[in-house]
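Next up: some structures, all given as structure tokens.
You will see two complexes here that share chain A, one where it goes with chain B and one where it goes with chain C.
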Partner chain A sequence: MLTEKYSLPLENKKMPKPKLKLGFYGITGCAGCLLSVIFNEDEILDLIQLVDLKAFPFIKEVNPDEQFDYVFMEGLVADKGDLEELEKLRQNTRYIVSLGACACTGCVPAYRQFTLKENYEHLLYRKQKEVEDIQPTPIDAHVKVDYYIPGCPPDKREIVTFIKNIAIGKEPKPYENPVCVECRKNGNQCLLDLGKPCLGPITAGGCNSVCINGNFECWGCRGPTKDMNLPLMIKILKEKGFDDKFIQDRMRTFAGLKLPMLEQFFNVKVNVKC
Partner chain B sequence: MPKTITLNHITKIEGHAKLEIGVERGGITKCQLSAVEGSRYFEGLVRGRKFFEAHEITSRICGICSCAHVIAAISAVEDALNYKPSEQTLQLRKLLTLGERIRSHATHLYFLALPDYLGYESALAMASKYRPQLQNALNLMKTGNLAIKIIGGRDLHPVSATVGGWLKLPKKSDLLIIGKQLESAKADAIKTCKLFFSLKYPEFQSRTECFSLIDKNSYAVLEGEFSSEKISFRKSQYKEFINEYHEPRSTANFVVKSDHRYMVGALSRLNNSHRKLSKNAKKMLKLSKIRLPSKNPYLNNVAQAIEIVHCIDEAIRICENLNIRSEAVEKPKLKAGNGVGAIEVPRGTLWHDYTINDNGVITNANIITPTAQNLLNIQEDIRDFVPSVASKRKEKIVLEVEKLIRSYDPCFSCSAHFLEVKWS
Partner chain C sequence: MRVLKQKKKRLFEFLGKLKQSYELIAPVSKDVVRFEKIDDTGDIYLEKNSYFPLKEYFFRKEEVLFKFNGNKIIVPAPEAPARVFFGIRKCDLNAISHQDMVFMNQVNDPYYSSMRKNSFLLGYHCNTAPSPFCFCGSLELVDYSDLMFYDRGDYLLVEIGSEKGKFLAGKFREFFVETNAAITQKEKIIPRADRLDKKDISHLYDHPDWKKGVDICLSCSACTALCPTCYCFEIHDNVGTKNPKEGERKRSWSSCQVQEFTKVAGEHVFRKEREERFKHRIYHQLDYFKQKNGINLCVGCGRCIEACPTRIDFVEIINEMK
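Moving on to the complex of A and B:
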């Protein structure tokens, strides 16, 4: 029969899969990670066709409050408003992606937890309750995070690859080697050998060693590798003549909250009065 | 006009801010613009750090103008150490800053400002009808980013600029690559001007004074005295003129000059220095038919478009004329002191100020961003502007107010994300 001819068995029916619903949000931060999405100038217009871009308040007026498959979060939690926004999005979202160093490690703003209050108390002032501070913290200190795209800023190609992967249902894989692996491939002279305080050996790569390519030592913005040899790193830096305060300050600038074990290696109080 | 309207999440600005307006019998009873982004206390974070670390830390104040913070911080530190960088170093810093202005203006004009004028919710929603225009924008952004990436090592938070020179110098061939890309963007810049000249802007005059750095010889970027048509003062004197004050409802400071509001940014620069624009930019200025000096903040969009043309010309000139010599990074001699850096960046004049001790440790820092300087002016403009549209529908009023705010290209990350408008 004609109808039989046109009705295929259910399992063979190729219904187009609905596109993933995505949101890009920012809490306290510098907008650099959201710009890293847009600054894929050759691909951005086609890339967004792969997904259902529901919300992106930085560049969109209409951002419906709804259920998302993935929300990319830029920024860290620094006040009550941040936390409320983050908790609401967590409830509405299947997978939360920490986008960039602030969301992943707390980045530079969270370094405040390691500086003396007297360094910044002159900047504190009376605020209304809705803008009250919270200790600066990465988002996984408050909600479950499913994926991390680290870096300050994140590598913009990595964002494209991540979105393309999830759009075709491929599981994104984190890069776990230290910065040194890509740095060697790029043929750079080792900056540690030149006496610079490079944190490449203990820092997760995936950045194509961009800083060292520009002759600037790694400050650890992508956070520590899982299998880092921290005691050896500290020993090398001390041998190069860096003092305890300098080493701690450097290691804590971008990822201090992910290095709580640092305390056991140093006896001096952090950030003694200058 | 509606008495009570609450609008949350006004978008398409950098950062979170809140606006509250109250109206009674046609008069404005309340108008408060406040940044509500979490405080990050950068000036406290650099205290106790070494002088050569300031720019790497303060770069994180802002993504879109990270080059600006890097160069302003380095300039201030070098000023404190009484160190004068080489001409080549200055030219490369200028090129980095021009590249940033091209990408920042293009991003603001097309992604944040334009959709309001064409009746779209976002640039992305315009993609099917206005794809060629968006390609112009993207090519301009790519051009700026390419220059920054080659000169600075990375397009956001550049790495190669440092106190005393460049950690990695570009080759002459690199400059020629940037030059070629800049040439390709010239047509995009002209089309951007024509597009933004064709838009209809409300007639409105801000009761303000326009400030920018003015340089004797050029359209100021890194040099010059902070000036308006009435007054001029040196960078080191800024504390005598500029004060900051806090509001409990805001996480950004308000900045005033001698207790008065003022405006910084592309329109201020155009007013103060248009005679020093490049030939192509002057042609565009003529074509725009705007009369200078203008205090219509909506025309900041037009000024930004003209500046893109100028920045491209100026950047091409540097790429052509600069012959890169091998120069090692110099180590300035340590001395205790205070230094101020003020440079023209996409949104206006940016101030960095550091005090350094004998050991090269930073003991105090003060940073004043362009948006902090514009904040009071934006708020007072809204107060002055709203009565002229008070008879319109709520949506229309909100749209015009949003356009006004966005025309300043405010960066609340620098000073605060979401603008929450509350009407009471």
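Moving on to the complex of A and C:
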């Protein structure tokens, strides 16, 4: 796979390999993740020289049958049009990259799944027949996803590093450590010790603990780590005086769909006093 | 060893004078106690030990190992200014001695030694254990300072521990007076800091009691980040955007508490289970390092327990093991 992707004309003077064809697309979402790409003002012009940028909302568009090497997909599937666009892109693309929390975990829009229908029913589109409601779900609930760049919004540096890595034929590596690893390195005091309901210990980092650096607890926007100790996290928050409803709501705000059967973990017995 | 005497009020005058020639770094009390560069010696806080250790000043959180451009390698030569560290407790002095052993004696790490060589270590003796988590008395700590300050109420005894210390005491001789006093080995023992039972844990690896700690471990890495002796790191490359042929290789702190630490090619993880990772840190501190170097890596500062979100006290766990 690596040699196949090796496309940057490093020493290859005879026959430069064609640049990777990239596309950026957004389905239901706030477009903030796409802005995170653009916010790399100092590097963006050099960055797009490394690849062949084929599509970016409001900048460049291509006909729907264009073939891509990589498509960065922002947003989540919330109506039938989203799904059709996503499936079409999946067919035409070698690697799909989930860009941002909506695409990766479902984020806030997917919270709808944890509330009663009567709470949101009056907000649904009724008059426009073309908007056909689908239960909001991250894109990996519908198509195969090859890479994830999580976060609400994703770290702008991480996007640059990702694109540079694929351009030079290096396998992009996700950051899998919990937020605490970077947070402690940054010299922060633990917000759990200050009584704040910080989800850092169960959340994947890579964000340089940006929220905690600003004294704001982690809400888990980058999704759970593979290695989380969920029953213990719940027990700690209970010990700090937060009730079950609060803990469930907080954990489901950004990554509810990636924490299936959350309730059952409330019953696991953990012996801890803190 | 030669001992000098100093009146208490002369201490801050001495530090103030020192500050004119050197960068002075000492503990200050902010949200927590940290070692920071001192602008006003009145900020120095000596009641408790620092929450964060000193190690970031020598073994930096992130370090550029080299820059590259095509086949050309450029190795940076970082140079730290002459720095005086004041208020270092005995545990942290020993932690520095252990890191010196790893980075300067066993190999010559140019990045560490360039940060370390222009520094003076001014210790401050604990008359009593400064935190309930301390257990330095259970470990065989040695003297490892340039100057060590012993608080004796209204005056201080200052023990000269090295040539560097002798140089400083000579340079600022007006702040010290000669004395016949000596500091006995008994006086160097810190009371109420020996709560870890001296026991060989090498045969206890499969003991069921470790689970008491593992069950309440989040694998958050607070213990390793705040440990003054933990020295593991990871290495990353980053290439330039304008010209991907150039870039830099960096090393940064890593932690044995996360799966990523032992992940190798093919996504294989050597220490996949939390229990293995949990025990690895404790065994490295209290067994493996000793087997290799004849001395425990752990210095008993207790930071890993104090900083742990669930206060996992491995000292208690070990003490209760039969």
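Here is the rule we use: the second predicted complex is superposed on the first by the 241 of 274 C-alpha atoms of A that agree within 3 Å, B and C clash if a C-alpha of one lies under 4 Å from a C-alpha of the other, contacts with A are read in each partner's own complex, and residues count from 1 in each chain.
One rule holds for everything that comes next: a contact is a pair of C-beta atoms (placed from the backbone, for glycine too) under 8 Å apart; a residue touches a chain by one contact, two chains touch by 3 or more.
Since we're looking at a predicted model, the values are computed, not measured.
Three-chain overlay on chain A, with chain B and chain C fitting side by side and no clash. By the touch criterion stated above, A:C30 is placed in contact with chain B alone, chain C being left untouched. Of the two partner chains placed by superposition, only chain B is touched by A:Y120; chain C is not.
In the superposition on chain A, contact is made by A:N229 with chain C only, not with chain B. With both structures placed on the common chain, the touch criterion links A:N63 to chain B but leaves chain C unconnected. When the two complexes are overlaid on their common chain A, residue A:I202 makes contact with chain C while staying clear of chain B.
Touch criterion not met for A:A255: it reaches neither chain B nor chain C. With both complexes superposed, B is the one of chain B and chain C in contact with more chain A residues.
Using the contact criterion defined above for the overlaid structures, shared-chain residue A:C180 touches chain C, although it does not reach chain B. By the touch criterion defined above, A:L53 lies against chain B but remains apart from chain C after alignment on the C-alpha atoms of chain A. Once both structures are fitted on chain A, no C-alpha atom of chain B lies closer than 13 Å to one of chain C. On chain A, the surface patch touched by chain B in one complex and by chain C in the other comprises residues 271, 274. Chain contact summary for the complex, chain C toward chain A: residues 31-32, 34, 51-52, 56, 61, 212, 215-222, 225-226, 238-239, 241-242, 244-245, 252-253, 255, 258-260, 274, 307, 309-311. By the touch criterion given at the top, residues 8, 10, 43, 46-47, 50, 160-161, 164, 167-168, 176-178, 180-181, 184-185, 187, 189-190, 192-193, 200-202, 226-227, 229, 232-233, 236, 270-272, 274 of chain A touch chain C in their complex. On chain A, the positions that touch chain B within their shared complex are 26-36, 38-39, 41-42, 44-45, 48, 53, 56-63, 75-79, 81-82, 107-109, 111-112, 115-116, 119-123, 125-128, 130-131, 133-134, 136, 152-153, 156, 210-211, 213-216, 219, 246, 249, 253, 271, 273-274. Of all residues in chain B, those touching chain A in their complex are 9, 11-12, 14-16, 36-45, 47-50, 53, 56-57, 60-64, 66, 103, 107, 111-112, 115, 121-125, 127, 131, 134, 138-139, 141-142, 145, 152-160, 162, 167-168, 246, 248-251, 357, 359, 361-363, 411, 413, 417-418.
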